[in-house]
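Next come two complexes, and both contain chain A; in the first it sits with chain B, in the second with chain C.
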Partner chain A sequence: MKDFIIPSDDRDMGTPAKTGAPVTLTVDGFQVTVPEGTSVMRAAAEIGIEVPKLCASDNLEAFGSCRLCVVEIEGRRGTPASCTTPVAEGMVVNTQTPRVKKVRKGVMELYISDHPLDCLTCSANGDCELQDMAGAVGLRDMRYTSGRNHYDASGAGTLAQGDMRARAAGTDLGNPDYIPKDDSNPYFSYDPSKCIVCNRCVRACEEVQGTFALTIEGRGFDSRVKAGNAGDDFLTSDCVSCGACVQACPTATLQEKSVVEMGTPDRSVVTTCAYCGVGCSFKAEMKGNELVRMVPYKHGKANRGHSCVKGRFAYGYAHHPDRILSPMIRDRIDEPWREVSWEEALNFAAQRLKRLQATYGRRSIGVITSSRCTNEETYLVQKLARGVFLNNNTDTCARVCHSPTGYGLGQTYGTSAGTQDFDSVEKTDVVMVIGANPTDGHPVFASRLKKRLRQGAKLIVVDPRRIDLVRSAHVEAAHHLPLRPGTNVAVVTAMAHVIVTEGLTDDAFIRARCDTESFADYMEFVSDPRHSPEAVETLTGVPAAELRAAARLYAKGGNASIYYGLGVTEHSQGSTTVIGIANLAMLTGNIGREGVGVNPLRGQNNVQGSCDMGSFPHELPGYRHVKHADARKIYEDLWGVEIDPEPGLRIPNMLDAAVDGTFKGLYCQGEDILQSDPDTKHVAAGLAAMECVIVHDLFLNETANYAHVFLPGSSFLEKDGTFTNAERRINRVRRVMAPRATYADWEVTQLLAQAMGATWTYTHPSQIMAEIAATTPSFAGVDYALLDELGSVQWPCNEAAPEGTPLMHVEGFKRGKGRFIVTEYVATDERTGPRFPLLLTTGRILSQYNVGAQTRRTANTAWHPEDLLEIHPHDAETRGIKEGDWVRLSSRSGETTLRAALTDRMSPGVVYTTFHHPDTQANVITTDYSDWATNCPEYKVTAVQISPSNGPTDWQEDYAAQAAQARRILPAAE
Partner chain B sequence: MTDIVPPSAEEMRAIVEAHLGLEGPLLPILHAMQDTFGYVPDDAVALIAEALNQTQAEIHGTISFYHDFRRAPAGRHVLRICRAEACQSMGGARLAADTLDRLGVDWHGTTANGAVTVEPVYCLGLCACAPAAMIDGRVAGRLDSAAMGELLQEAGA
Partner chain C sequence: MSPDKMTHMANQIAAFFKTQPHVDAAAEIAAHINDFWEPRMRAQLFDHVRAGGAGLDPFVIEAVEKDLVAPA
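Here is the complex of A and B:
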């Protein structure tokens, strides 16, 4: 098995690829044909001729400032820059003539005259384009001597260029042009003395990331790269630490601190980020067994060479001292943990589970799979339930995020997945973002979206909160519909009402592609005046005129796409809203081509995959219901067992059954249900009532406080497998280091199955994928060799689509005809009243991820050390609350305390918080209301009251005490 | 020097809003700020950035690119002495050095009584009347030590 992939063609082509009619030219005597609009530099690179360059990079538009890439073109005067000169038919280019060589040497000499010559001790030694180019142009001496410079802290050339004393940290020796190093960012440093002002970082921040945090300060010799306003450093500026500038920098000016400390890496492995559902491809750059840095992989089809602060930098949790590396057991949860051997822990767990099944019945135990683990691991965990426990008690954390997506899109289109690939956003004209905050939750997608918006695409934001996309540098939504939490269905239905009653439907599409009968019913339903924007205005809080304008734009603005997140699904009518969204796309014919579609933004790296792999209690892998005997037979024949035809328990049912005393044992892999599931007290009661809770995780998470067996997990760096991202893209995860706790997660599940008597004999995850492919039609063509060859593949991947399916429903819907379903708005039972007059909604912040188990254990806490309650200044004032005050947040379920942040991002009457920190326990507040179809909890609406407070609540203190008690580990026996 | 009271947010916002209808309003706003307050106040940067939907970095980049925009108040009068070639060939360098000596300041400095700020300028287009200078927007040519003395006296230096 080929485990290590050294990227074969990682060359920088200088300028971006173009599309256009073919143009043929001659470069250094060789003919090359490239698309019209291509630069001379790129044309040369296509045939392996590298023109020296410093300011050009193929992820940035040509800039033409370094003047190193000059060439001579026959019939043209002078020495034009090859990066800014487009090709022309019949052009004859010479990249190496005496004249250009002389120009380049002269330019290089000037660069070097203001650059420290400490190459041997420089952190970019061996990885520096300035160094490479000095070599390439053959610079041998430098005529310029001392004078004004930026590299010598002691002033005008009194110390030699290579003298380290000149650049010691914190030295101010009197050179007014010398700017000391900025180490404020936890992950990278900015050393202005090494800057050649090529502008690549500034352009990367603008063009690639879209944050515009950097600028060039001053002019001429005084020009320096600057983050933010005068007086800012990187940390206080708008910088979001995505790392694009660091990647763009050709010198050591912007450099990862890990490289400064460890030196340059010696090999790299292409793998997939384990944070959000974008699924960025990275090169894990290694030095022996140590990870030096993660660099976004330019051939990654989800991220196209970009990254965010989490994937790029926040991998330190893998080596955090909190990681538990040996298995532990205890008889009761009030005892301290005992570290034991793997064998003892697994036997202990297996004996307990078997005993529970013997005493309380086959269905008294179950599993929870993780959306953060690989497809192969998830498949094995559900196989453990179905093939070894012999029940269907398997559920996944997707239950609490995107289960309504599966239901809603399945019912309307016939498949439980997004319709597009991320590249599609480059072709869209109108984007509607509903209940998602991409700049924080899915930052790399947000950057790609913002790029398209800067090119002129229009944006509609449907969100109670004024998220950054509504208005931030160079991006402004055409319409922001600030609806009251819980009224999604009313808003989406009102949009459909406008489209239908104003005759904005795509009738040809509907006739050809959709089910006529359901359409007729839907037309009758939706054209009823009670669904008009005016009729629902008081309910939703969205001005009718704004809603009408948004609907018209969506219907008639060209290619219109919808991207949505958990603000859609985590409601009592989550599935209904997904259906409403699907209806909108069908009504307007925005399905089945590039630039359109319905796109769920998945929260975690493998939400899509964990759903695909049969994690749900009613579905076998590939979304086949367990009641179908033919689907069961496939697995029964292969596994040699009889599969339970009855759907198993969902997570909330497991907990209810546990409280009732009928559900007794749980194997929970890589999920912290105590922190992430609603109504924390109920979850705690359920877990406490079980007799065998097995937690398989990197850390002693909150759920582990109630566990009897702890099995140490492996991080994504320590195992092989695949993740499936939000665009159905199956990406390879490659092991870059040995599992720190001996076993990869799939091996642990296999060992547990073996301890319970199963005869599994997988020796590599590729064998598990082979079993998945052999049993699941939409994965039939997937194997590791194909993934190595293509880089990634989007399912369905089978005989009909051997290289996968970037766009779904191109010719027809998966289910045949698209089905319209009426979307009656039913108000949630969770309502505000005199005691709880405010609505709480929850979300995510850029630097933290989910329950924070990983990101809280990295330097990302520099940006978000605690959860804050965002509240409108008006609501704060009437309650006597000031910025930074402790406030008590109470609901019908419970109460907690946290600090207040006053902001008019929120509408009056709505408050907002994140759930990244266990001290806050935002889910103590949330209720146990859930989606009518899928039980997805209603996280996004809770009626609350806010009052001033002195500090933590009794619950928080009791909880902290219980957690401290439950986390004790006995010292190892001497 | 008297304490400078920074302008209020309302005053600055009024200037920004007066120019928002223009195509490319940033430079007109910065000029209006400087004309009104004598400098571009630090607090104006965030305000302008917000109004133009740009970042503070971009506004700072623009301000710092132009030497004429200042981030702190100048003296009551601004004297710009030409240091370009024609003036230098006619004794401009000596004139400039003498003037700085006489006032006891360096380039961009302000006299202790707050009367005059001296700045270099690279060609006023007055080469035929070199050496030249400009005080508060009024040009003066064929300057010698005595003529410069009169200018400074008028300015109260």
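Here is the complex of A and C:
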């Protein structure tokens, strides 16, 4: 296996990079030129001179507390700290003089006087900056006699913990200054005895993560790191377990438990997280074939060295005992599974699929891929449908999340993609977040956003819930528009009304960049008083004055950007809202430069990529409709088949056709449609009606309860490929260990194609990417060598943009002139009434991910062991529901039970839950209504009723019984 | 697909295009359905219109009669 060598400079430069006029100085006799505002420490590091340091790190602002980085500067008095001293023209710095050496040694001696010297058995052994600095300053003695200290529980005055334990009498901790380890967080421990109070963890929590969960309590000798308030430990505090403090800690005070258990890693491979659409780069730190830890990669362009609890810690599912490692088959779904060879399973699947096509026709089978799969895998799966099944029945889970983005941005701007890179948020002045909850769904982006908000950017939140961003530590939205679910279009159109009628439009931009005829129509439409905030207030529930103020801020507050999520798309009018958002950005000229733009926050790691790769049933890779003969010809020539010119079935259409008896076979890769898709009973009926369901997954997921063939999948650690994140950034996924079930997922798809008669001969995913590049204009310049060289690249990447395209629509829109489209509000037919008087909206939380297949199989369950129903106290009171009570949640589709959580973050009349747990199955409640243009389900609006309950519904019990039956596995035949 | 669901979906498409100014709404509705509805869905819509088109928006009926491509 060829490991990827981490490129050149992974050093910690001490303080952050600055931009400014060049300044030249001399450090230890060498000249160096750096931007104004750079610290002396960083200037020295630029020419390879490392000044000793403990409290400095280049992802944190300089703090100047450890006094180890002192230097002498000619013409200045004393020994200033190099981290807090900015460079000046002509400055002459000496980093090693007898005076500073003496100061440093004295400082180190003081640190060590209150630190256990159990270095050989310490978990940070080999990875401890305190140890390194003791060596660097040449500390050879510690002259202080033992006295009050923090490390010795016995109070007997010893530096070795074993000795200390031997001397301690039972549980009597003789030392009142000693605090035992806090092991409450499942992934890392906090050992106060090893803390040197450098403040790096506290600053990382504030500056990098923006949670402000940590502080230093006490003064002087009593100073300690403290999570949360008095009485809190790490788990009960506000800590979101992002790992930034652990990464910042120079000692073993905050340490990954995996390192405590396994020791330090011996190599690392740069790869990409397999969770959300931020697409963070990580170093997978390995020891042989074992993964010791995941550490956010400093040069990752999406995350810039930061991470969240999922990517950083929640990878244990890859080795969970529930992983299925043998292929399995069965004739009927009421039989137990039989473990068989790969060959037998693939032949069984291929024979069945061929028989179905012979009996029921070419279009009777299809494929579904997950946006958790790589570009190469999704490309192959759609190729399987188009090139082997000879139909267009291919869809992806992006159908149920961001398909309206594809339609809406395609119609207005000409292509389906976010317009910016994540760095753009650093230049924005006004951020409008609509229908997204970034602190939970896209945590690393949220941290970058909060950083910008703390610098003074203004925030508008449009969301029925009072999400954390509305008000949390050092962040407060200028305007929160708590709209009634389902009224997005009315709110967005009312904002446009304010902008147009109050003369806040950017006329020069519109004249130069947009289609004038469509603009005239739109002006006429949107100026109508029926779209005014006052006119729609009773409908949307948003106070008109607040909406007007938000619109003015968006239009005239400087660089304004929109970030939106599934609260926009998953509605009957999802596509219309996306169009409305695109209109807003064009009206105000907020497109085509840094700090502005329209940014869909993609739910899963490869939503963008799976759409790019032609997973949708109406379009070939690169968003080319199958009706176009010239696009079809490219693939027909290459694959030697005739491509079906008719659009195929979308996921909901496949299920409808299955119930009708015309869709009979499905290959489902990495997706759990039974849990994730709406109206569970209908999904189950569709699956039960099929004669060959092939599930290709890590686990026996809910869909597999209805499957006839199970093909074991490989985790992201076990395969090569690429993911494309929400900013169109193509990042490499690198194999760090061998596939546990023999084959990587792309190989399994190829084997299935071969079993069906195809002659595919890929031997590495790079060959698949070569085929993608050769056939898709926006990917023409992409290859693995380029990705290794540049780290990542944003499409379009071709002759015109050989290193990719960070910002889109800079000179002109992809389609030429931007097109305004009228956005008439049409109320959803899902309405409250006497039977179902409340509105349910659904979403996800930080620690769990989608259907939870991965995160439920990690210690993340410590934060979220079950789905809860969030309900306003007034709605609860009128129904006699108290905190923690079991409640029955019912809609016209079905009913389930779960426990109630009373919170005023919900508006009265609106309730909320997550869909992470199959025993709750929130989607048994959601309905079959969908977006008018794309069939994206209306997950965000369901009329429901809630009543007290004393246990699971009959449906839940039947479901659990069926699942248990369906998961039986016979032992393999000898 | 149940007739109600199909009617609902088709009417939703009509609800968008019939509010667009200066366009032939029926032609736009037909184009959208031609682009995104799989042949058996279009066949079901054809059959429903032939059977009287109960519940369908008049624009949908016009679209089907004028511009919908018959499934191959």
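The definition used in the following text is that the second predicted complex is superposed on the first by the 953 of 974 C-alpha atoms of A that agree within 3 Å, B and C clash if a C-alpha of one lies under 4 Å from a C-alpha of the other, contacts with A are read in each partner's own complex, and residues count from 1 in each chain.
Methods note: contacts are C-beta pairs under 8 Å (C-beta built on N, C-alpha and C of every residue); 3 or more make two chains touch, one makes a residue touch a chain.
This is a predicted model, so every value here is computed, not measured.
Judged by the touch definition given at the top, the superposed model places A:524 against chain C, while chain B stays out of reach.
Using the contact criterion defined above for the overlaid structures, shared-chain residue A:890 touches neither chain B nor chain C, since it reaches no partner.
Number of chain A residues touched is higher for C, counting chain B against chain C. Legend: residue contacts after superposition of the two complexes on their common chain; A:217 is shown touching chain B, with no touch to chain C. Of the two partner chains placed by superposition, only chain C is touched by A:935; chain B is not.
In the superposition on chain A, contact is made by A:648 with chain C only, not with chain B. In the superposed model, A:424 makes contact with neither chain B nor chain C. Once the two complexes are laid over each other on the shared chain, residue contacts for A:680 go to neither chain B nor chain C.
In the superposition on chain A, A:627 makes contact with chain C only, while chain B stays out of contact range.
Every residue of chain A that touches chain C in the complex is listed here, in rising order: 363, 392-393, 521, 524-525, 572, 576, 617-618, 625, 627, 646-650, 653, 656-657, 659-660, 662, 821-822, 824, 826, 829, 928-930, 932-935. Within the complex, the chain A residues that touch chain B are 211-219, 226-232, 237-238, 471-476. Interface residues of chain B, counted against chain A in their complex, comprise 42, 45-46, 49, 53-61, 64-67, 71. The residues of chain C lying in touch with chain A in their complex are 1-2, 5, 8-9, 12-13, 15-16, 19-22, 32, 34-41, 71-72.
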